[in-house]
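Here's the structure, in structure tokens; my notes come after.
Order as written gives the chain letters A, B, C, D and E; numbering starts at 1 within each chain.
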Amino acid sequence: MTVRMKIMLVWLSLLMICGSAIAEPFVQGGAIGSQTDDGFNALGPVVEQPIEFPHNTHAGQMGINCMYCHTYARRSAVSGIPRLDKCMGCHKLIESVKDKPRIKKLFEYWEKKQAIPWKKVHDLPDFVRFNHERHIQRFYFREDRPVREVCGYCHGDVASMTTARRVKALSMGWCVSCHQKDHLENVSTTKTSNGPNDCWQCHK
Amino acid sequence: MMKKSHTLALFNDFEEAGQAIRDLKAVSLPGFRMEDVVIKSPIEHPELSEMLGDRPVYVQWFTLGGVLVGPLTGLILVASAQANFLLQIRGGRPVVPVPPDMVLTYEFFILSGVLMTVLGCFIGWKLPGRRSPLYNAKVSEDKIGLLIKADPLVIPKINEILARHKPIEIMGEDRR
Amino acid sequence: MSHTVDLHTPEDKDIHIERKFVPKPLDIDREVSWAKINKDVLRSLERPRPMFWVIFVAALALFSFGVYCEIYQYQNGMGAADLNNPQVWGLYIATFIFWIGMGHSGTLLSALLHIIHADWRKPIYRYSEAMTTFSLLTAALFVLIHLGRIWEFYYVVAYPNERWVWPNFSSPLVWDATAIGTYLTSSLLFLYTGMVPDLAICRDNARGVRKKLYTFLSMGWQGTDRQWANFRVTYMTLACLLMPLAVSVHSIVSTDFAVSQNPGWHITSFPPYFVLGALYSGCAVIITLFIVLRYVFRFEEYMTMPILNKLIKMTFAIAMVWNYLNLIEYATVWYGDNEVAKAQFIYKITGTYAPVFWGMVLCSTVLPFALLIKFVRTHMPTLLVVSLLLNLGMWLERVQIITPTFAHSQYPWTWTANWFPSWVQWGIVAGSFGWFTMLFMLYCKIFPAISMYEVKEMVHDQSKMLKARGQ
Amino acid sequence: MSSSIIDRRGFLRVLGISGTAATLAGCGNTSIESGVELVESYVQPEDFVVPGVGVYYASTCAQCGSGCGIMGRVREGRILKLEGNPQSVISGGKICGLGQAGVQVHYNPDRLTTPMMRDGDGLKPVSWEKAGAALSARLGASSPISGEQIAFLTGEISGHQRVLLDLFMDSFKSTNHVVYEALSPAIGQAANKAVLGVEQPVLQIDKARLILSFGNDFLGTGPSPVHMAAQYARFRKAPRGTLIQIEPRMTLTGANADRWYAIKPGTEGIFALGLANSLVQHQAYAHALPADIASVLKLYDKETVSELTGVHADTLSHIAGMLWENSPSLVLAGPSAEGHANGFQNVAAIQLLNLILENNGKTLQGQPAHPFPQLEPARSSTAALAKLDALMASGQCQTLLVMGCNPVFTAPAFVHFAKHMEKVPFKVAFATQLDETANQCDLVLPLLSPLEAFGTHVAGYQPKGVEVMIQQPLMERLYPETRAFGDILLDLLKQRNPTAYKAFPDYYAYLKTAVTKAKPVFKSSASDDDFWEDALRNGVLHLELPPTGLQAHTEALKLGKPQVSESDTQYPFYFVPSIKADLRDGRHANLPWLQESPDPLTTIVWDSWVEIHPSTAAEMQIREGDILSVQSATGIVRVKAYLFPGIQPDTVSMPLGQGHSQYGRYANDVGVNPFKILNPIFDERTGELAMYATRVVIKKTGENAMVVKDEGPTNVQQGRKLVATLAADQAALAKEVSRVTQ
Amino acid sequence: MSLSNLIKNWSTLRVKRPYEDQYKDKDYKWAMVIDLDTCTGCNACTTACYAENNLPVVGKEFFGKGQAMHWIRIERYWGENEEMEGKFPDRGAQFLPMLCQQCEAAPCEVVCPVGATHHTPDGLNSQVYNRCVGSRYCSANCPYKVRYFNWWQYPERAWPNPLEQQLNPDVTVRSKGVMEKCTFCVQRLTEAKNRARTEGRRVADGEVTTACAQACPTSAITFGNLADDKSEVARIWARQKVDLAKDKQDKEEDLRGYRIFEDLRTYPSIVYMERVRNFEA
């Protein structure tokens, strides 16, 4: 290698460093090394639940709105797990599936008046406050997007799963990547706005 | 063209080595150029080097490049990082404040200057590299060495010239 | 040798002024042969005096205790250091400035004196540069130690990350981190570049593992004319870059304090004051190490009394400038007539921490005058004690910048009267001295502490010069 | 912060995996997890229970006798925080620090979780069956004891608990329900009764233009500090009233005075009479008093009064001048005036000023008669305790029941309560946490915390109309083995008289029936259930009644020559115990928030100290932190010195409430107990203990320790404009915007 | 994207606060008024803050070392100058509730190396615990010394079971090594703002308040939205002629409003109302 070539090489790499600095001073899609093809997919572990709840039957085949069961999502920071009497409300009346083992388990809990110890699948760190209400109000009610898209953006296509499994990284970079997008303010305008960029909006 | 061969002569002091160079310059041998003469010495001796002719040093240009690119990159990096989506207002100061950025730009200026200078130096040294074929540990102690590259045919003649100036030792490739 | 100068005044050509040049002792014996230089210096890598091991083991023990304290503090929280609400920094930051400051004299000796071709620097610049590097390493350690969540230290570093967050570039601490990083990198490179020819010498004379190490580090240096030419330019360029860098580093450290509104910190003369203080403490340490190395490695022939004498004179000069800036600082506070700053100053010299202040005055303002006494300059044990006291004074100076300000800040309710560091804090501070000494001694054992090729140049130049004078 | 005040009690039953599963939020989880924690999951919650949203329930604060309405913020089945209930006239939506700490009574790590029974020297946990059997054996249907053989010792108790308790005692034909509050205002009440015809007049602080307070700490430890603070806030708005405080040791109220005067302890009455003497010189007041009194008053001339009280003579005329310039005024007596051998006399003299100044009916009013007198708090007295003590000492008392009272700690040393208690063969304590008294008992029954139990409270001081405060559980019980006091009493009553209480399965049923029965009084036409639901939702039943008038009995005052007790060379210092607003008599020393809440005046935490004036300290070469021995004729304590400028120079003061030995991790071994050095001095008229009459000698022990306090080395502002002060005549208060006056 | 943002919004990125009135078009600017005349120094606010914000009780030993964690502390002064005048504190004590002043130009924000503290759009001086590395520079630089550092792993000691059940789930429990301070009860503010946003309105005056203001028995603390002209806080600020963006107020003699250390140009969000004393008494 000649001196000249070495010099060229150095200049070239230097230019590349500068280039990356100018264009984008951060790396998208998870910490370096943990990125997948589309950026943010990060499959969580399989979580064993007390009852293997078939989301695919309820939300998929029957097309029940997510918020029919996760009813707190539109009025509270947490979406909450449906209360037991909500399950019973329907299943008392559905004779056809009463003998299935999962439903039997459900009835056992109901008889004992014991809440089902569901495990958290999407558990953010304790210093983060994520508000379901604001996101649902903004995208489901105001922007009128389909519920499976609104919920699915973070939770994945739960309608195709049995028990839910985390499919997104839920990392800060991921949150920010969406907050930073220009979202339409509502269906009828072209005005856009970003999500909040203030630390204290999400960190407590 | 034949593969060139080397010879190394060790001298006791700079004057003798200087005389040898002068003699080498005076003769004209086929397959030998003054550019192929290399001095190896325990300390720097500019006068001796000058006798070998103009051998340019490029390090300054690297330094120049470094001190130009460094601050620019630094400033843009800092300012655009301050202006990213999560920009934060702090202490009533502008989001992109000038004085702090100047401080950092200054540091980047020096850092990249230093890095590029050292880089240029190593390139100029052609280091890290393999050792040249002939070396004697004495050149790092107190002897001055002349390493000459030439056609194997003219080596004896060169050795002859060198021998005139009381070298302590003349090493050739074949003798190794 | 006497020598007549003809002034050739047009009016009166008969006036002759006779000047007498007293022969000064040479910095270094010109008759010493290059081979002997190699031999003497390389010997230091082999068998030092037993005192070396005494110092090394003591340093190691001190360092181990420091590590124990740090682990204790890490597990329990910063409360273990007995820091509290106003006294948030304690000795950590004071010692941090001390170490940073120490690093400045190495650069002064090697870079500034190199630029102005002061030859006497040559036998002593190598170890002072090493001192610079290791004291910077120690200082960087304190940046980490004082963090409440040391395990999250990388948040301070600007690197592209998934969270899209950057450090706060307006914080003097980030400037600090950048400046120290730059300075550490630069002085390490400066030290290394300057050492390559010597590493080649070591390579040519070593065996076994060491040979491999030196071969790797010298990277094939052969002392060719091209290498020397590039080396000259590079070394000079680096020296030129390092001088402003050194000044910027300690002035940036001073901005940690000067940009804040705390009384006793918000002073415009802080940057030069810090830089001078840094040079001062560095020179004092160089004298200390000079004496130690000279004894431990039997370097009497190279680290000669004339060089020491010059060093001491320089130290004295710097001490006087520092004194002046110190005075200016207090004068500014007084004349500025800010009630809060004034009250703070009065507290500093009369309050709980007055012993620290007066200790500083004694050690750093009064004691340098002892350097005017010939006995002190020539009697090694005395000089060692004096130089250590100068160091102590400079450390106290840093403490009296930080502690009294916290103890007597803007806000009267949170004043403290009896804050004292806990054993953990003392242990860590002591450990840092162990860590520095250990590293430094190790360095001198592994790498040549005297620049062989430059001493050769010096001998060469001196003989040339004397030859020209006709001796 | 949703302020939906919702009342259901059903939610308690249907909670699924409740808050007990929640651990230290925010501590553990710092990364994104899956399948580690459980979701808050419900079986059949009420509609308003939304996870992640706090719900507020109204209840009543049981921390002191003021009966403030509170609201508890409940989330995921846990009570998180208490706020004031705006529905309650007493609290007006506000709450004090003591009230806030109510949650720590509930969540206290040293709570009693099971019944304990004496086994040898110690108390051992037993089952409720065993505890119940022991109780029935002694107090059941076949119990032979009656009359003087049984005694029930409680703290201030009101509402239906008191009713049941009285019924219970009736079933033994006993009247030995002893109410003992160490800090009871019994002397003042007696004097008020004698002079004004009521025990506790209702104060209109906000209406007064000038308040002259003789040691009355209405902002800190008065009968209803939260309500008085709200009145005080209005008092400070335009037209701004002036507060003059005269007391030996500065109280919190004194610290807020426009002018504070130090006075020799016990001479407040003399000073008041001196004032009266000056006032009647004025034409307007010349005929306010009967001639015989007026003539004796002449003895109380400025100079004499000044000499006896240590207050400058000019001050007397100055205050008198202020009093006749600012009408209506309000003159108050406080504990430091009451607690002397001549305490009754002091209070009567102070009330005489109100009579002269014709404040009655303006700033002082009578409390309307309570429609349910049986619910009113029983009056406490030290005399009753002394009687009980004698009963125990004589061995007559066979069974002692204790609830909400800790006389082993609070009774003065000369009473020897602990020793006499040993003579009682069967002692039962009802407690949420073991204390010194409970530790001496044979059976300790764990009570529900006030945040877990139903109940009613009636405050002794009713500022406006009459209120019955409702207490309801804010959370499911923490420990299954704890029971409500009402339930235990009801069980015992059922054993005594099975037929009468058949209708009530539990105390809740009893309470609901009793409260709904009072419907007509509150003029409600709602159904029983609605009335009850409403009561729970509001947390308070309010009845607007007009205040009654006051009487004027000047003859209650026995006037004589002005004189004070001789100074005692052996014990040169007056000893003034100080009451801390949050620790009171020590029953709250187990609450960490209150221990760490700095004393407002000294900013000391977690400790006892003795306050001494800097000038005295300089004379005796005492520095802060020097450990002094404070010795009275009765006892001695060793305690750190604190130099405090707000104290009479020949007086020392110590805070009450610390010095526990068996009251849980937060109270034990903190400070010393000054109750134990009180001398047996009693008010001459009522026979109540004179708490402020002890005299002590202080000595340096040569030891020194750090005083743990928030205050730094300086306690002045150093000229830095932190708290600026404006003269009242310069401030344009009337133009200000303020919520308080609206 | 960042570079384009830098170029596109250069002028807004160069706005100096607060003198270039940034709250003119904003919905919220939280502020407070503390009336020192009605403050009695009773400490109810302190305890309320402990309850609301999960403040650890540090105990006697650590309190003595100066490691207490009270976000709001009641200071008690005996005099304004360097010595107390007279033998007794004749005019009572001078109580000062001191909490984070939520400065508009906060000295602490600038110096945090990691940007854990910054200014929120609604005018709060934030502290993000999980970003904090604990350099304590903010505290060193705070003129009011109202920032509190977690010197120990308090969660392990301060809430023995079952006391931990009292912890407010809306507030992080801070581990050792992070700085914390008064947040103006940001969890309440966020909740109120979210609810208001869902309902498409602005948070009404009095709808949300801080724990200290809520508890204060004398209502000495008023909290509200300064950006809303009709709020009580805004009216008091206006009446007292305190301008957020000025470092020296030209107010009349009879007005009581002032901000502490205004001359340090920190632009605090808390106005104190001077204590009034009847000097004729």
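By definition in this document, a residue touches a chain if its C-beta (ideal position, glycine included) is under 8 Å from a C-beta of that chain, and two chains touch if they have at least 3 such contacts.
Bear in mind that the values here come from a model prediction, so they are computed numbers and not experimental data.
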Going from subunit D to subunit E via touching chains takes a minimum number of steps equal to 1
The chain whose C-alpha centroid lies farthest from that of subunit A is chain B
Chain centres computed over CA atoms; the one at greatest distance from subunit D is chain B
Most contacts overall join chains D-E
With centres defined as CA means, the chain nearest the overall centre is E
Distance in whole angstrom between the CA centres of subunit C and subunit E is 44
Between the Cα centroids of subunit A and subunit D the separation in whole angstrom comes to 53
Taking each chain's centre as the mean of its CA atoms, subunit B sits from subunit E at a distance in Å of 62
The distance between the C-alpha centres of subunit C and subunit D, rounded to whole Å, is 66
Within subunit E, the set of residues that touch 2 or more other chains is 1-3, 68, 73, 75, 77, 96, 107, 110-112, 115, 118, 130-131, 171-173, 191, 261
Where subunit C touches two or more other chains at once, the residues are 164-166, 168, 170-171, 174, 410-411, 413-414, 416
In subunit B, the residues touching two or more other chains are 76-77, 80-82, 84-88, 90-91, 93, 124, 126
Chains touch one another in the pairs A-B, A-C, A-D, A-E, B-C, B-E, C-D, C-E, D-E
Subunit B contacts subunit E in the complex at 76, 79-85, 87-96
Listed in rising order, the residues of subunit E that touch subunit C in the complex are 62, 65-68, 73, 75, 77, 96, 98, 107, 110-115, 131-137, 139-141, 143-145, 148-153, 176-179, 261, 264
Listed in rising order, the residues of subunit C that touch subunit B in the complex are 33-35, 38, 158, 164-166, 168-171, 174-175, 178-179, 181-182, 185-186, 189-190, 193, 197, 200-201, 204-205, 219-234, 237-238, 241-242, 244-245, 248, 252, 255, 453-454, 456-457, 460
So, in the complex, the side of subunit B touching subunit A is made of residues 58, 62, 65, 69, 72-73, 76-77, 80-81, 84-88, 116, 119, 123-124, 126
Note: in the complex, subunit C contacts subunit E through residues 76-79, 82-89, 146-150, 152-153, 155-156, 165-168, 170-174, 177, 256, 259-262, 406, 409-411, 413-414, 416, 419
